[in-house]
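The same subunit A turns up in both complexes below, where it pairs with subunit B and then with subunit C.
Presenting the complex of A and B:
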């Protein structure tokens, strides 16, 4: 006892030494700038210098037609982008994972590796690759559709206001389907055998077993995927920028919050860059993501745990 | 038993059919680009779906890319940024993870939560202020700026994953080291680090991919010719050579190949990391 008391007394400097580098870099480059950006959104540049304007920037962004039109357009587009991901990416991911999780299936490792390839490529590559494939000039997409007799369906999707955003969302789904597939696959594999055996004894097999037993058990994994997708989508930029440029054409129909932030912050063509409005948009994105994450942590995740136990 | 075997055959055919068609969908665009990058301009347009043969084979696209764009320079920049960041994230991340998982001290949980915040909140949202800081520090258009940002970006997830693994390192081993009079630093570097090497590899792959692929920060913090990364270099190059299809396809292939090679080497590590050991 006495020895322990002596050992405990000295300041344990090594803990501070172990923590210091990570905490310093993280705080200086991540946390301080995040709050710095929130702070910048409360100021504005005038001729005399920088003045505090409270929430005026936010009011303008949300209500002044000059800003609000672009903002609501970008927000809605972003929401649609997210909806497509949820509706397409997750079901495909679940389907692929369910098939892959069959232990008797051959070449599992090959399929797993191959389907994950697009996920490791950069948005820039993916954006350009699909831009080329869908381009009417090259004609790969119409040729392929012709092979299956569906050529009449072809349209220059990326150039049409009504299709461009959905097309890009599907391209993004194509790229990221590997992540839900892997996470759900892992969740499916970790279901204890006893549960499945018990189900089989009760005559619950095949599809019924999937819907009634496996799917409810992988719901937490689907929850994690949804929140990861949410954060990723509301912070997206690269894909739209590489495929459609900073103007997010045609006619801003693919403009999302990330490209809107970029244009506002740096300016584009005749519009001058605006640090404070840029910070205001970044702050709005921060609040949107924070709301989504809190909703997940405090509402969805808790309810799921209650289902489990 | 017999009926089960017969009913499982069509099912397994269907399973393979779905998986094969999805694999084709996933790989086709990548393969199409790489094949066509080795063809003449005429062949690219006349028969985009055929393999390059003796007649249509051409390296003109690669020649243009290597003459017009400094791709070796871009590779070098990407490599420096990725490798240095990786070393910093692994070292700092492992140290912090060790502190959090090994010692009980006041504020331990709070510190863990503080560091985990960055997993969910993207660092991009702080860009406006990050640029101001970098301008103030004179780091704009340096690789240092990118390394700092990516280190901050990679640390939260690294600490989170590594501390999970470090909890599983046996206490007896560490205590034996303490009785032998080893310092806490020696215990960390000599005993614990070698044991969590598999987790370090997983963290390395997770940290590396988003850094190598990022467009946003190179575009904003280091757009100068000397500091362009591959991703930004390819983006700018393709933007300039939009109508030169040979050059565009070759630039894309050059950007795809290194990451593809790395992936083939490390895919087991990566997939095991995502599925955290559930895959055998």
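Presenting the complex of A and C:
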């Protein structure tokens, strides 16, 4: 009995003390505002004061033409933004990683750095740099296209409703393509040599080896990239804001959920800010992202584990 | 013969790779080149690539007219301060998660990461109100605090994955030899954790340096760092391309240098440790 008392671990107060600052400070300043936002979405300002309206705000956002038109527009634009990322960023990332993992490549570090540099730049700078290049009057893009004989393809991409969103999505792909490249590169390197040797013994080489052996094995990495892209895209705001402003011009064609939320919260030229509707949009975004992440964690990732060693 | 073919393929491979690398790097290169031109040359048609009169005029003008050094100083203080504060808070937390794990460890980590799933715009309003009440709007202290909190989950998470790699047996051995908790942390753990802490610091400085959303919304004139400076400069569109390029180049130079040395650690942080 006495021995047991000695063996019993003392209460480790220092653990609690160590954890407390990070968890408490973080909860107080980040998590509580989050719940504040969720709570705001259930109330509304009327003449008599603030009243509880349940899910009325959400119903209005989805169906009342005053709100729903902008909301569906922003949601569709956001989805298109994400689709462009998935369709362009992933194949290019795989291609770049394949080049990088080529043992014949010289000056590997330079190549890798050149591609990775945009990722560590601020959105503000990225917005300016691309305006500098794409400007129809002063930009260098028309001349560069002229050099390769494609000048007829040039249009004021950022200023045309039909191109602006796609252009910005591609700019965003340019900025972040370094991350998929590095992730897939790491996945390619971690494929055991035995597997590739076995494939070669069976006569599977070159492109066939890439499609049948390597690609299935890097699928989990592509899954991680997809979910990071999804969260990043549906949270996106900075790039659109710094390139096109909060009005997401031309004519709201680059309006995504982030900019729509910003305008609603703080108001703009023609409209006063509406805290409660803003909070409703923020909550919608939260639920959309939560759904996507849960889907990934509980459905897609489980299936993928079969491929792992 | 076989060797000749290999050399040729090697050259082709390298050329293709360099071509792609250069293409991706071009926008940044163009900005840097433009910063050395006069305003007239910057918008010259056809564009001038290398053969123009290189000048440093833009850099001096940017400094004189807009007091670039003050913004730079704000950036340094805010990025450095938030990193230092974050590390001080995060090291003990990550330490206890890595070496004294409990059933709740994963929950706490997820709890902290959960806010990364939320649009930053969504918590801007409550924080903005809080800042007005506390008188923190447009102060360096306020911005330092917010940036520290924004990046805290990444710091804790990164330190946690680094600490996990340190074998616990070594710490046990130190305890067996009679080291106190303080000695154990100071003389055994810290030296081994230095590389991990260093790359976490680097990543966090870069993230805080680049942060545009919070800096634009929570600062006005006094505490504005470089990102706010660039944003304010670019409003009269089309004018002053060369000067804005010079300002941008000065803003990205420290980042380029730091990023060059820490790519792998950056990827690790940006993907929440999915890549080691």
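As a convention for this text, the second predicted complex is superposed on the first by the 296 of 309 C-alpha atoms of A that agree within 3 Å, B and C clash if a C-alpha of one lies under 4 Å from a C-alpha of the other, contacts with A are read in each partner's own complex, and residues count from 1 in each chain.
The working rule: contacts are C-beta pairs under 8 Å (C-beta built on N, C-alpha and C of every residue); 3 or more make two chains touch, one makes a residue touch a chain.
Worth saying up front: this structure is predicted, and the values here are computed from it rather than measured.
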Fit or clash - subunit C, subunit B, common subunit A: clash
Partner chain(s) touched by A:278 [first = subunit B, second = subunit C, both, neither]: both
First (subunit B), second (subunit C), both or neither touched by A:66: neither
Partner chain(s) touched by A:224 [first = subunit B, second = subunit C, both, neither]: second
Which superposed partner A:189 touches (first subunit B, second subunit C, both, neither): first
Which superposed partner A:286 touches (first subunit B, second subunit C, both, neither): both
Footprint overlap on subunit A, where subunit B in one structure and subunit C in the other make contact: 12, 14-15, 17-19, 21-23, 25-26, 29-34, 36-37, 40, 96, 99-100, 102, 104-105, 110-118, 120-125, 128-130, 132-133, 138, 140, 143, 174, 177-179, 182-183, 186, 231, 235, 237-238, 241-242, 258, 261, 265, 275, 278-279, 282-283, 285-286, 289-290, 293
Contact set on subunit A toward subunit C in their complex: 12, 14-15, 17-19, 21-23, 25-27, 29-34, 36-37, 40, 96, 99-100, 102, 104-107, 110-125, 127-133, 135, 137-138, 140, 143, 174, 177-179, 182-183, 186, 221, 224, 228, 231, 234-235, 237-238, 241-242, 257-258, 261-262, 265, 275, 278-279, 282-283, 285-286, 289-290, 293
Interface residues, subunit B side, partner subunit A - complex: 8, 12, 15-16, 18-19, 22-23, 25-27, 29-30, 32-33, 44-45, 48-49, 88, 91-93, 95-96, 98-100, 103, 105, 111, 115, 117-118, 120-130, 132-133, 148-149, 151-153, 155-156, 159, 183-185, 188, 209, 212-216, 220, 231, 234-235, 238, 245, 248-249, 252, 255-256, 259-260, 263-264, 267, 270-271, 274-276, 278-279
In the complex, subunit A residues that touch subunit B: 12, 14-15, 17-19, 21-23, 25-26, 28-37, 39-40, 92, 95-96, 99-100, 102, 104-105, 110-118, 120-125, 128-130, 132-133, 138-140, 143-144, 174, 177-179, 182-183, 185-187, 189-190, 227, 231, 235, 237-238, 241-242, 258, 261, 265-266, 275, 278-279, 282-283, 285-286, 289-290, 293
List of subunit C residues in touch with subunit A within their complex: 6, 9-10, 13-14, 16-18, 20-22, 24-25, 27-28, 30-31, 34, 42-43, 45-47, 89-90, 92-93, 95-97, 100, 108, 111-112, 114-127, 130, 145-146, 149, 152-153, 156, 181, 206, 209-213, 227, 230-231, 234, 237-238, 241, 244-245, 248, 251-252, 255-256, 259-260, 263-264, 266-267, 270-271, 274-276
